[in-house]
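Please go over the structures that come below.
Here subunit A shows up in two complexes: once beside subunit B, once beside subunit C.
Entry: the complex of A and B
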């Protein structure tokens, strides 16, 4: 019996945890590191939305000495949520390098910082391309687009609705209040950050309004604040080149039940929303971060000559080629056909000789036909598809192209008959001349 | 002062005289050389016909065009060479037997037509 169990374990152990991959997109285990176990209940709505989507959450204190991301060289978790803004050192084997390795191997990460965020959390964010305000007691303050509140008068509770315009990141359903049809804002209370403009992998998802600034709300402003205006990002996402996704928020409380359920009225606006957009915003964003949306896979790359089915090892110049590929998007439970009209294929040798937009049958199948250029050499079929919010599709397949063989040229061209005739006339003429010349004497 | 009409008539008379003297001089040419001249003329006119044809239809099978024209030109050149060598008046080749010159001519023609057939495509 024990033997059987052991055999079962050794067989299933490699399949217990994976980063997102086309073969193992489901059954994902998430490690949640908390400063205080009270967060588990105060932020329960957010955790429940994850659990209801089939994620297995493992709550641990951040300084628990037994935590670790790996065991025997295998990752035991697929994603990591850091709801521990003040932790200086993680317990167990987790440290900065371990978390970066975790992301480098394609795993996902959610970081929520807050005022007094520790250096460790800041360092992790910097490695992801996000710089939090260096002043530890600074908060984002906005005197024009704050949320009206009875208890708080320092305008640090911000009502922001400056979202990134991307359906794939935020979901196609408009973020709106449950009762009123117009857009409800997202409540935010925490520290702001900036993103490096040269880093194309980081995206501002929720920006502060132009009137926002980052400063300590309890002290008088003696010098101009370092972060101002809409360059302040409240929530950012990163999609690394290995398709690992990272969500970085400057506020832990925006994930809380209180903010999820809070009524909200933006200053200067007569609309009172029954519910903030936090729940929908963060749910949709977590779907994106955990690859339930915007993850593409390209399969069945095929190319062949027109009229043939088999893939040749080499093409000849001027061959007519058909190229087809299937692209699917993960929708949380199944792979659905991806529909777009801007997927292109290149026939590439140092530079694209052919660049064609693929036609699609709306069932995930993309195809086109083109003529191999009149140039021989080693070519590549290349598909480079990079779109905001989608994982990048980069495929290349090498194929040589040869010139005509000696016996493949056209023969007996009608237009050339006069030339053939002339050549043979000259031969006959030579023969006749020889005879005449010899017997003339 | 010379009248224009007499001038033009004297020019045409000069041309006629020149042409007549040329014809009488050429009639003295041996028949063997005349045959060679006929052969050269035939080759050159065939070449010209092909060039005109190419100008009309375009140069698509360019290798065929080249081999067709070059076979005519080559034939004409070789025939002219033969004519130079077998001409009795030409003292430069007086040591060369006309049979030897003809043998060279035949050999060169064979090589020429071999190349032309390869290139005709």
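Entry: the complex of A and C
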């Protein structure tokens, strides 16, 4: 019995938790670290949307001495949610390095900071390419696009609708209020950050308006604040090169039930929205972060000469080649054909010789045909597909290209007939001459 | 004199003690009711425990119950009828029954009562006792015909009490050393049940001990910054369920003891604030805990908390908003007759001087609000802290209700700020004005200025509040943006009403990275209490700055739009080598024809010369060699033709070698024959 159990454990353990991979994308366990267990109930709507999508949430206090991301060298979680902005030190075996390793192995991360965010949370964010305002008491203030509120008059409750224009990150359905058709803003209250301009993997998802600035609302300003205008990012996402995704928000309260249910009226606008866009915004964003959208896989890469079916080991210059590839997108439950009209293939040696957009049959199959250039050498078929919000598809397949063989050139060139004729008349004359020369008397 | 100093001291002390509590809590409102209807759907009635939570929440909120009576009552009767049901199941079945009135038979209840009494006497686990006692209390409440009284109430009381700890917490059972606040709540509620079930009076000294336990428990209460109190437990239970458990125990105990429990009103109010402060929970259990606890607090016998709330804390001077205050119980029902006094108001920057005299708010019976019709004249725009005092009219009410002393509320008074005398000018270094332009900061401006590094730019304007005071907004930024998107932000300072910023370009050239060219000017003025905050482009200034010296810092490279790297690239198609230009076919054929002419000429010439083959050997052997020699030559020539047509070089050379050897042999024979014949001829 014990043996059976052991065998079962050894068989199942490797499958318990992994980063997102095309082979087993379902059954995902998420560790949620909180400062205060009250957050579990005050932010329950957000957690409920995750649970209803099949995620298994494990709530722990951030300073719980028993928490850990790994056990026996295996990650026991697929994703981590840090709703603990003030934690100075995590309990258990979790620290900055452990979290970075977690992301480096392709796992996803959601960070919500807030005013008085701890150095630890700031450090994790910096490692992700996001710099929070260094002043611990600073908040994002906006005196022209704040949310009109009866109870908060200091304009730190911001109504922002400056979203990134990307259907894959924010969902194809426009962010809108439940009853009114125009766009409802997202409520935000917290600290701002800037994204490192050197880092091309970070994207601003929600930006502040040009009149926003980051400062302590209770003290007078003597010098210009370090963060101003629309360079302030409120919510940013990172997609690492290993396709791990990170969501960084400067506000924990934007995930709260209160903000999810709150009515919104943006200052200066007559529209009153029954509901803020927070729920839709964060639900769609969490779908993206947890790879329910925008994760591509490419399979069945094939190439061959026109009229043939098998893949050759080598091509000759000027051959006509057909290339095809299938691309699928993960939709939370199954792989669906990916439809786009901008997938491109390169025929590449040091630099692309041919770069062609692939045609598609809208069922995930992409194909094209082209002539091999008249340059020989070792080429590659390269598909480098980088689109905003999608995981990168980068495939390359090496293939040599040879020149013509000696007997593959054209043999009877009409323009050369005078030369041939000259040789043959010469030869005829020579033959006649030998006979005449030898036997004439 | 002495009394006055004392009075000032008291005011000062009060100001210190009430400094922290500033959040406004709102009683349960319609948003809770609509949330409840959304939250408790069909699936919330699966088990009797869940059904009770849903039904109790609906009952407290006064919402019509959904039509689930039939199915739920059926399972209640089943559970109560079965002799296997655990005390916990019986407890929740009876709870549902108390709301739905399912009409359970008296005999069934009697059977349960006797079984539960046996459980109570024998049980060692707190949970078993809690559920059994709770069930007995419920039976007692539902029918008076069943005998539920405990014969040995003192014994049961002691056995529960034996699990208590010195710090007021409780253990779940005697063999479990861990103590818990949640268990304390359960134990107190169970003990309250024992008191009500006791057939004879419980020993008063034991109840006294229990009361001391309760006050010890309240010593461990924790506090949020906004004045909310709660009980926390690191293990298993959330703060919400722990606090709810204690509140239930406290109110049950208060209901059965004749003597009043002594818990500070501030703490009771803090607990109420905790439940109100969590907003609308998103899961059923939390929602139930919140609503049920608030309902217990609403009618408890210790002290009923009264919540002072403001519908809005943002008052606009332009709209002439009234200051409205509502005082009500936690569930939103109206309070006993009382007066709300606005004691003091001071601006949040300086806490020393009150700007208004104490005054009473008028009670408006229709709306239920206490209203201050017109804000005092001395209230200008700004953020203030208003201090309210609630005074109950009836002194007996003071023992029933708690108002938590003084309530302190942050209030923002907003208004339109006047902007005057806005002008922008370019000054020479000796301060003489070169160009000066008026600005209308309420509308659009498109000023066009030019300056060099020896000149200065001056921007000035005046801000005054509606009452004519100087106003200093939080955000007064002047932003210069160069064509290359390099931004410079300056804070505009003020002296009194006048705001002025002088940019001395001579001192700024280095900061401007010596970048000449057009700079866009943008002015942002904003404040939380300024209704006409704005962000306005003023125009632009052309700066003529000196050339950058060698070691000057380079301007930061402009930010690359990260979105640019996405999107398809331009297609590349290979340009193939163009084949060489060849003459047309007929020209080649014409030249081919021309090439035959020399051969024809040669042959014709031979015939004209009268060639003959008389020298051909006559004897057989040399003739054979002669023929073979010429066949050989013909074969070599034919080989060349074949080489052109199909053969490759190696085949051709192989055959040529063989033919060459053959030709050498036969050629030698025929040529030596011809030589010998010709030498004979000469010698002859």
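Quick note on the criterion: the second predicted complex is superposed on the first by the 421 of 441 C-alpha atoms of A that agree within 3 Å, B and C clash if a C-alpha of one lies under 4 Å from a C-alpha of the other, contacts with A are read in each partner's own complex, and residues count from 1 in each chain.
Basically, a residue touches a chain if its C-beta (ideal position, glycine included) is under 8 Å from a C-beta of that chain, and two chains touch if they have at least 3 such contacts.
Just so it is clear, the structure is predicted and the values come from calculations on it, not from any experiment.
Engineer: Touch check for A:228: first (subunit B), second (subunit C), both, or neither?
Structural biologist: After superposing on A, A:228 lies in contact with subunit C but is clear of subunit B.
Engineer: Determine, under the contact definition given at the top, whether A:434 touches first (subunit B), second (subunit C), both, or neither.
Structural biologist: After superposing on A, A:434 lies in contact with both subunit B and subunit C.
Engineer: For A:58 in the superposed arrangement: first (subunit B), second (subunit C), both or neither?
Structural biologist: Once the two structures are laid over each other on A, A:58 reaches no partner at all.
Engineer: Classify the contacts of A:127 with the two partner chains as first (subunit B alone), second (subunit C alone), both, or neither.
Structural biologist: A:127 contacts neither subunit B nor subunit C.
Engineer: Output check: A:418 vs subunit B and subunit C. Expected answer is one of first, second, both, neither. What do you get?
Structural biologist: In the superposed model, A:418 contacts both subunit B and subunit C.
Engineer: Residues of subunit A touched: more by subunit B or subunit C?
Structural biologist: Higher number of touched subunit A residues: C.
Engineer: Once the structures are superposed on A, label A:135 by its partner contacts, choosing first (subunit B), second (subunit C), both or neither.
Structural biologist: Touch partners of A:135: none, neither subunit B nor subunit C.
Engineer: After the superposition on A, what does A:271 contact: first (subunit B), second (subunit C), both or neither?
Structural biologist: neither
Engineer: Should A:409 be classified as contacting the first partner (subunit B), the second (subunit C), both, or neither?
Structural biologist: Once the two structures are laid over each other on A, A:409 reaches subunit B alone.
Engineer: Which parts of subunit A are touched by subunit B and by subunit C alike?
Structural biologist: Comparing the two interfaces on subunit A, one with subunit B and one with subunit C, the shared residues are 413, 415-416, 418, 420-423, 425, 427, 429-430, 433-434, 436, 438, 440-441.
Engineer: If we count contacts the way the header does, which residues on subunit C are in touch with subunit A in the complex?
Structural biologist: Contacts found on subunit C: 24, 31, 35, 230, 234, 238-240, 278-283, 286, 310-314, 348, 383, 410-412, 414, 472, 474-475, 477, 479, 487, 489-491, 524, 526-530, 533-535, 559-560, 562-563, 565-574, 576-577, 582-583, 585, 588-589, 591-592, 594-596, 598-599, 602-603, 606, 611-616, 626, 630, 633-634, 637, 640-641, 644, 648, 670, 674.
Engineer: State the interface residues of subunit B toward subunit A in the complex, per the touch definition above.
Structural biologist: 31-32, 35-36, 39, 42-43, 46-47, 49-50, 53, 57-58, 60-61, 64-65, 67-69, 71-72, 75, 79, 102, 106, 109, 113, 116-117, 120-121
Engineer: Under the touch definition given earlier, write down the residues of subunit A that touch subunit B in their complex.
Structural biologist: Per the stated touch rule, the residues are 409-411, 413, 415-416, 418-423, 425-427, 429-430, 433-434, 436-438, 440-441.
Engineer: Please name which positions on subunit A make contact with subunit C in the complex.
Structural biologist: 36-38, 40-45, 47-48, 61, 141-144, 149-155, 197, 200, 202-203, 210-211, 213, 215, 217-218, 220-225, 228-229, 256-258, 261, 318, 342, 344, 346-347, 352-357, 370-371, 373-375, 386-388, 407, 413-418, 420-425, 427-436, 438-441
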